[in-house]
Amino acid sequence: MRAALLAARRDPMRAAAIAGAVLFLVLAVIGPWIAPQSPIVPNPSERLAAPSLAHPMGTDHLGRDVLSRILAATRLSVGLAVVVVIVSAVVGTVIGLLAGAGGRFADALIMRVTDTFFAFPEMVAALAVAGILGGGGIEIVFALAVVGWMRYARLVRGLTLATAAGEPVALAKLSGVGPLAIARHHLLPPLLPALTVLMTAHVARAILAISGLGFLGFGAQPPTPEWGTMLNEARAYILSMPSHAVLPGIPLVLAALSFNLAGDALRDRIAATDGPR
Amino acid sequence: MTRFGLNRLFGAVLVMLGASLLTFLLMDLAPGDALLAIAKARFGDTVSLDQSALDAIRAEAGLDRPFLTRYAAWLINLVQLDLGNSLIDGRPVLDIIAERFQRTAELALGAIAVAALLSVPLGLMAGLFHGTWFDSLCVSLATLGSAMPNYWLGILFILFFSVWLGVLPAFGRGDLDHLVLPALTLGTGVAVTTARLLRSATIEAMAASHIDAARGRGLSEARIVGRHAVRNALVPVVTVFALEIAFLLEGAVAVEYVFGWHGLGLLFVEAVDARDYPVIQAVVLVFAMLFVAINLWVDLLTFWLDPRTRAGAA
Amino acid sequence: MAHAHEIVLDRLSVRVTTGGPRTILADASLTVAPRDVVAIIGPSGGGKSTLLKAILGLVPFTSGGITFRGTAVTRPLDRTHRRLRAAAEAVFQNPVAALNPHRTLRHTMAEPLVAAGMKRPARHHRVETMAARMGLAADVLDRRPRAVSVGQAQRAAIARALAPGPSLLFLDEPLSALDAVVAHNVSDLLAETIREVRPTVLMVSHDLRTVRQMANRVIVVEAGQIVEDAPTTRFMEAPVSEAGRALVASDRNRRAVFEAASTALEDAS
């Protein structure tokens, strides 16, 4: 705890970023519960109301409280991003391990497939998959995992090639240790620092991707609150209520910024502990 | 060089083949949908379809043939540049793409101009004045920029320039001034990455030993910066700029949507929305081919520019 | 079950093509009886390690064959070869490279026992016994390789190899990464433990003291070929090959210097 405080004093910006990332993760869980009003039920008598005590950020075109919608949206915008990252990381790690430790043929084949998936621009491919499947939570996760697993596969493969050729693995194989135990005890531990950094930075990209899909109409479907979807809806009345086209973007940028900076901080931290060996 | 080049070319061709297979597979994810989409495009939404009508369409569209046969047929058509017809208006997909691609190219050129104008001076200056307040400001802006979705930036620009100042048009096409906001939005995103890279490359180049040597030979500071630092810093920037073109094409999807710019990106959004499968397939494929081609070009360029690999190959 | 010959090598060869075709091991023939302790010595770069690794399947042999307990290995890593590997454990030269840096010595030592399906209490007991035999204190066992000395790490590596009671033990210069005093100490422990566990041992070494202490046979490998194969006592008295004579002579010199130094030290004190 004291060490954390000391680190925070030395680099307040990064401490704020890490705190911000944690805050957004917490909001992803409790956001919908602390929303003062229903983010979904329309209230036709209060359409496009200006900010007031009852509605600090005003109401949208269906009379719903914008603050409540922004809070509730955290679950999809941030929470779903975390799910996307976990699914991508697990799939990519398994594939990368197979390539790195499965022999030269498996490696060549898998890396060709990985290159092929890399050939598609992330957003274009995600849009096509999500658009064709329709925009539910599972479909969004699927679409973004399809375009998100390759970085993990490449990273894991690169690190695993070296580990798998090392003496500890040769000795373990000689002792009759099975492939799963070798993966768990020998191949995975050296990956964890780099995976953590990649995952943290990926959360930022996944947040932007989810709201990007939402903005283009292929992510979360109305009335589900999601920052990108809200920004898209707000375009229709941008002249009468410009603030609605601005407000949902603020938590969106802050969340992406927090996870980006937190990823940088983790990377430097790991480089510092790993460096002098 | 030739051996490396051929190797890369072969790899790129393989990846393109794989990409075409994946694209075809994507449409196969929802074959029932493809069928219905054709039927709807032909008979309209309201007509209820019986099974025999659906079967007739299935046979006519060749959807009852085995997967690989259909893929081979599609691939053969593809090589002959026959991408099929749009399900919406029946026009050849190739014509639509050509028309829309031109609009996207205009936007991309504008964005590249913006990106170059922003990133080259800012990145170089930040690198040369490394550690000063100016440098920190640039780094902070770049950090913020990389967390900024371009469509939101577009909305902010619209609010500021069109709604508040009223100086530039927000939507549609026409004079050059319609290009300003979309190009600014798209170009800013590209500028962020490029400036960042240019900055670190400048810092590295300034620290390199031959600069010290040049200083030792008594060359003036200005000439050192001009002759050595800038040129060395540009080598990675040139390659990254090429990669940025790829990201730019991707970013065009959201930006064209925000500004109602009728390019490839907006076409794609419309096609996905309408489930116009031939168009979706074609656009995804065009994007993928451009990506692969750009990557190939960058690989070859880096190889050719890098004195170490050149010496190794000679 | 008992075969007269544990391992028979019949003109075993290893050729590599990377970096130009080279023969690292040429036509090595050798017969090893059960419980033999065979020392493999010779100048560095002569193919000693490759011989060991080819038998272990860590380097694929390109021609010739291995017969393990009467059955022939026809291709690297075929069924018989896998049986050979299953009976074997190994200790490499440098424990810093050979031990998993992320696991405690205790986990590393237990690894072959877990793989053999030994239950936890028995496993725990065996690890503690082996550790005690190799002179490793209990508190060292819960540290990772980076937090112990090289000598301690190598003793853990030896304890790991001997814990499952292997019938074949391969040692690739197990003492060369240790400094003289530690090597002396570990050598004694190793010799003692091998006498108790009684595996068949193939040991690459450049230290004739260890060879004299443990091996009943010596083979000399030079330029990829086995140039001498003799009982230890006879080899030490009258080496036949040129490389063998050089090794024995230089060892005599070293011992003479060492004894002179010890005497001088004793006189001084």
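Lettered A, B and C in written order, each chain numbered from 1.
Basically, a contact is a pair of C-beta atoms (placed from the backbone, for glycine too) under 8 Å apart; a residue touches a chain by one contact, two chains touch by 3 or more.
None of these values were measured; they are calculated from a predicted model.
Can you tell me which chain pair comes out on top for contact count?
Maximum number of inter-chain contact pairs occurs for A-B.
Name the chain whose C-alpha centroid is farthest from the C-alpha centroid of chain C.
Chain centre farthest from chain C's centre: B.
Please list the single chain whose C-alpha centre lies closest to the global protein C-alpha centre.
Centre-most chain by C-alpha means: A.
In angstrom, rounded to a whole number, how far apart do the mean CA points of chain A and chain C lie?
Centre-to-centre distance between chain A and chain C: 50 Å.
Can you give the whole-Å distance between the Cα centres of chain B and chain C?
59
For chain A and chain B, let me know how many angstrom lie between their CA-based centres, rounded off.
About 22 Å, centre to centre.
Give the list of chain A residues in touch with chain C in this complex.
Chain A residues touching chain C: 166-168, 170-178, 181, 185-186, 189-190.
Could you please specify the touching residues of chain C with respect to chain A in the complex?
Residue positions touching the partner: 56, 58, 85-86, 88-90, 92, 97-103, 107, 111-112, 114-116, 160, 164.
Please name which positions on chain B make contact with chain A in the complex.
My answer: residues 11, 14-16, 18-19, 22, 26-27, 29-30, 33, 143-144, 146-149, 151-152, 155-156, 158-159, 163, 246-247, 249-251, 253-254, 257-258, 268-269, 272-273, 275, 280, 283-284, 287-288, 291-292, 295.
Which of the residues in chain A come into contact with chain B in the complex?
Interface residues on the chain A side: 112-113, 115-117, 119-125, 127-129, 131-133, 204, 208, 211-212, 215-218, 228, 231, 235, 238-239, 242, 245-246, 249, 252-253, 256-257, 260-261.
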